[in-house]
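Going by the order they are written in, the chains are A, B, C and D; count residues from 1 in each one.
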Amino acid sequence: MVSSIVLYLIRRSINAVITIVLLLALVFILLHTIIRSPEGLARVICGNPHCSNSAIALIIKQNGLTNPLWVQFFSYINQVFHGNLGIDTFYRGRPELSVIEAFLPITLELVVTGSALGILIGIFTGSIAASNRNRAQDYGIKAVYLTAWSAPVFLVGFVLQLIFAYWLKLLPAHGIANAFLTPPKVLTGAPLIDALIDGKWVYAYSVAQHLVLPAFALAVASFGITTRLTRASMIDALDRDYVKLAYMKGLSKRTVVWGTAFRNAVIPIITLIALTFAFSVGGAVIIEDVFSYYGMGYFTVQAIYNSDYPAILAFVLIIGLAVIIANLVADLLYAVADPRVRLT
Amino acid sequence: MADSDDSDIVDIEGLTITYRTVYGNLVSLNSVDFKVKRGESVSIVGESGSGKSTLGLAIVRLLAPNASYSSGRIMLDGHDVTKLSNRQVSLLRGTTAFMIFQDPLNTLNPVKRVDVQMLEAIRSRLKQEGQPFNEESAYKEAVDRLNDVRMPDADSIITRYPHQLSGGQIQRVVIAMGLLMRPKLMIADEPTSALDVTVQAQVLELLRDLQRNYQMSIIFITHDINVAHSISERMVVMYAGEVIEASPTESLVKNGLHPYSQALIASIPTISKSEGKLTAIAGSPPDMISPPNGCRFHPRCPHVMQVCTVQSPRTTVKDGSEVRCFLYG
Amino acid sequence: MRRPIQATVTTEVATGTVAAGKGKTTTGGWRFYLGFFMKDKPAFGGLIIVAVFVIWGALEGLMQLLSLWFPHGRLFGHPYSWALIPSNPFVLNFSPSYKLQPPSLAHFPSFLFGTNVDGQSILARLMYATPHDLAAPIVVVGSALLIGMFLGTAAGYFGGWTDEVIMRLTDAFLALPALILAIAVGVLLGGGFTSVLVALMIVWWPTYARFFRAQALTIRERGYVESSKLSGSSSLKILIKHIIPNSIDPIIAYVTLDFGTVILFLAALAFIGVGLSLYPEWGSESNFGLDYFPTFWWWSIVPGIIIGVVVIGFTLVGDRLQDLISGRMTY
Amino acid sequence: MVDVLVKTQKLKKYFRAGKSGLLDKILRQLPPLVKAVDDVNLEIGKGEVVALVGESGCGKTTFGRLLTTLETPTEGEIYFDGRQVTKSDQKAVRRKVQMVFQNPYESLDPRQSVKGIVTEPLSKMGISKVEKDAQFEKVMSAVGLDQNFGERRPRDLSGGQRQRVAVARSIVSNPEFIALDEPTSALDASVQSQVLNLLVGLREEYNFSYLVITHNIAVARYISDRVATMYAGQIVELGPTGEVLKDPKHPYTQALLKSVPSLDTKKIEPPHGEVPSLINLPSGCRFHTRCPFVMEKCKTEDPSMRRVGNVDVACWLF
């Protein structure tokens, strides 16, 4: 007899691998439908538009680009599972993985801060709106979240920059930290955490300052979805008989709303965390561009401008993995929060 | 105010409740008069949309946000529920009136264990009484009440989550929770209609015993006249948001006065009478947004008169029954 | 087997979600829905925004097509493509009084939203770009709807291996943030408006497939489907006659909201430089202004605001439709 | 003796309680079996009305769906008109059977007109439009609905009217056998009697055979010739309605009758305990955990059907 949680994890891991392979297949098929000739592919891998003919021949040979498509696919998969995502052409031939290693933690720090902030505020405002349905609070919150939900991310970034950086001059508009400060030792790669571990308080303060605006801009985006869903979920919970029963126990409105309805309403929101995370990763690409925040998003935009295909493929893969992990975490959390869920 | 022990536990006069809906205003209760004596068991019988659930919810002021008390008063144990503040109403809930709901799957908080939910009730009662809470004695009290509702294996049931219980078990837990609050009035809104026949019978039996043992008043809301008959001393029949007859159960079942009550009883198949056709009531229940003029039952009534179509009948008393029909003056 | 319906109707009335649709006064029909729609002022406002956007987009789109067919045709002395627009969106005018002018009433209405570094009216450029921003959601959502309907309904109705395969595929697509996948595909396809559309189509269908699958799963249990089976209808007939038509209603609201989302995505892609061409684009206009921010803030901000306003229009309409369809209508 | 129209032999239907993937199969962690219908023998004669009575989750709906070929049996045989129903001649059988479902709010396609709904079973029969119209008119008057309902949609109809439409749909193709799954339990009391009277009238006129699935014994009493009591996937008692309900043999039928509240008596004497789940069935006689007359034998051995007078009973008391 295998315990159900282990079985569940095995099942989820298998599913994750299948998903990743399918994802790779998708990207692979796409790449090969667009560029059919081995020469073209070699040129892409080379990255240099003025690649010499001999270099191209070498690349074709090395990468087996004349092999049947399925052989190429399996060797590609094989490479990926050995951690070889290709060579970054823009960053002077560094392996893709090391480039990503440098950029990913920065983005993760931004995305996690931003989406956590958005989710927390969203859950709170959504609950308030629902428990005051069709009253002034509800309409007010609705106006705010509809605006937040509809505004393009870059506009939010611009407006925040304009107000807090240029107009009120409270916070910096660009970058990760004050460039004149000495950065801490690289441990995790995430600047704020590294600075705190290393005890560089001034640097940490500077990082925190730089983090506020982009994180807040990301938060605005996830705040919209979270509020909307929390409100719906909370309205649903508040209509249930168990809420009426809680009132029948003589409990006050506050106890019923936050003690009984809230926990039930929040459970469906947990699955949203992964979704919001994924959504914020997308948003980060734009926000990093606006705030010159040198993370994965910035790296991606550079890769786009430089037609650096291996970088884009590697990026897709890493983000896919991150989102799959986020989903798994959300599902486990869900199971912890809801006694009805059996992990199957 | 009169000595509260002599007065009726529930005394509703001229209650009108309106729901705002997309289709227009829906008058769910139309100047309803309704009384329950202390220690009495009354059932409210009516078809869907007749306003019987609204009446129950109105007494404990748990109506949906789009409902409004248009007129009338609801005296619950001497307090007008329509005029109290939220805080004051919450003091009446539970200890004065407790309500049980229909759907067992929705009636307990799915994310909390049964014991936690029962202790919540005790804590709330003790707080209202201004007494200290003791976890151990409270737990014991909870188990005792579960035994009172004849819950087999109460010690183990109390540590489970609601989804691990059957419908019948959940309704028992809810009734036990009601007993913990020691209410003077128990309102049961179709508590057995989602249960199996044998389990329904168990719960009905239980409620009947509890009413006797705890000296509670019971308002039993149901669409099933058979169930109403087996549980209550007095029956109140509702049709389209109005109380059309209120009579002692036996006399209503044997000689209902209102044509609707009569037709309803004649139309129900029973196990003992089998021969011949059922006497069906023609037509369907009215549209509540634009109900018929005059007596709301007149389009379906076999004894309809000219006056019924234009004027709404008033309540008249005849042989201890109250009836709202022009046949009786 | 349980028998809750008797009182479900009552509960619905009691909780005030929907009054049971009994009798003649409560029937549906477009008149009723329109009446309901109009009761909500914000939704009505949204409808006006959407109408202005759609009508202008269609009109200007037509003018640009005319211009394409008759390159030498003239209306009001201008080529068709910008005859209805206050000024030529492509004109270069480097004189200081035209270059980087803030929003003003000068040369009304050309300078209403200010000008860019080339002295072009931002208003004119945004107006010129509208047909693309209208076409994108129609094409993307439309195709996603069709693909999703086909795959999702099949998965839900037939179950088994069909379901397993289709759902694995959607999972793979949904594993990536939509924007990232769209970026990757858009770039791989070589940029340009068409490749962005294709990228968005590839990204968009899985959500719809999931949705239609869920719908098919519920509807296939309904009595009318079973009864149709007993009448000897083939699976295909049941799908076309019962399952698909009944799946559509709940999705209308979602489609409306999604129109806004596609516009946001298109703008976001253009903003980071995917699918750029000479043709102006709301998102790319904003991006071009990035280098002149914050001194010439309007260049970046105004296109963003226009996008936001149009998306809010769709959101308001969609939100109201959602209430209407899900029966969460209160008044 | 009337001719037998539908007959089942040792009919079984087992489900898996939940989905299982490839991994579960490898690790042998299959979800538990639900024995919804377990070894049921039943005959329904031509023009006969049999009521299947039981509490929720006893498998009665599944049995009805098996008879109308909406489910395929796990084991056992179904005979229709003397011929065994196999997968291949399901189509032929489907022309002769129909089903009426419990919830009229979900069993009519909201997008179809009443006429479309009612005439759908005719579409595969290759009859002309004129004949179709004539048949439509005929059944609409048979179920007591006005012709002009034809263009309406289900949302314009009340519950009772909807159920009439559902009945009209089920009889339009002149089936021989109709399974009615709780045909009135979703209806208001005052409307229920209309529909019951309609069903009785139709049967008298057209000589249909009905299987009426219901939890309401009074409905069974009113409508049926014979009644079958079902408990935990098995039929425990079967006999002429009057006889079974007047003098029930099986302790479960007795308990059921004593649990039903009625206008004649205030007395109710329910059995203790609850209906067992179809996943963990008690050994031996399935009712032994709740039976007041339980004997040692009941706990280990499953009783088979035995004829006592006109009634078949599965109980060791006989």
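Quick note on the criterion: a residue touches a chain if its C-beta (ideal position, glycine included) is under 8 Å from a C-beta of that chain, and two chains touch if they have at least 3 such contacts.
None of the values given here were measured: they were computed from a predicted structure.
Novice: Give the identifier of the chain nearest to the protein's overall CA centre, each chain being represented by its own CA mean.
Specialist: Located nearest the centre of all protein C-alpha atoms is chain C.
Novice: When the contacting C-beta pairs are counted for B-D and for A-B, which pair yields the higher total?
Specialist: Contact tally favours B-D.
Novice: Can you check how far apart chain B and chain D are, centre to centre, with Cα atoms defining each centre and the answer in Å?
Specialist: 32
Novice: Can you work out the whole-Å distance between the CA centroids of chain A and chain B?
Specialist: Each chain reduced to its C-alpha mean, chain A and chain B end up 52 Å apart.
Novice: Please compute the C-alpha centroid of chain C, do the same for chain D, then give the distance between them in whole Å.
Specialist: Their C-alpha centroids are separated by 48 Å.
Novice: Name the residues of chain B that each touch 2 or more other chains.
Specialist: 48, 57, 64-66, 102-103, 223, 284-285, in rising order.
Novice: Considering chain D alone, which of its residues make contact with at least two other chains?
Specialist: 56, 158-159, 188, 215
Novice: What are the residues of chain A that contact at least two other chains?
Specialist: Each of 134, 239 in chain A touches at least two other chains.
Novice: Give the list of chain A residues in touch with chain B in this complex.
Specialist: For this pair, the touching residues of chain A are 133-134, 239-242, 244-253, 260, 263-264, 267, 337-340.
Novice: Which residues of chain A touch chain C in their complex?
Specialist: 15, 18-20, 22-23, 26-27, 30-31, 34, 134, 146-147, 149-155, 158-159, 161-162, 165-166, 173, 235, 239, 278-279, 281-283, 285-286, 289-290, 300-301, 304-305, 307, 309, 312-313, 315-316, 319-320, 323-324, 327
Novice: Can you name the residues of chain D that touch chain B in the complex?
Specialist: 55-56, 158-161, 188-194, 196-197, 200, 215-219, 221-222, 241-242, 245, 255-264, 266, 268-275
Novice: Please name which positions on chain D make contact with chain C in the complex.
Specialist: The contact residues of chain D facing chain C are 56-57, 60-61, 68-70, 91, 94-95, 97-99, 101-103, 105-112, 117, 120-124, 153, 155-156, 158-159, 166, 169-170, 173, 182, 185-188, 215.
Novice: Which residues, counting only chain B, touch chain A once they are in their complex?
Specialist: Those in contact with chain A are residues 57, 60, 62, 64-66, 86-87, 90-91, 93-95, 98-99, 101-103, 106-113, 120-121, 124-125, 128, 161, 163, 174, 177-178, 181.
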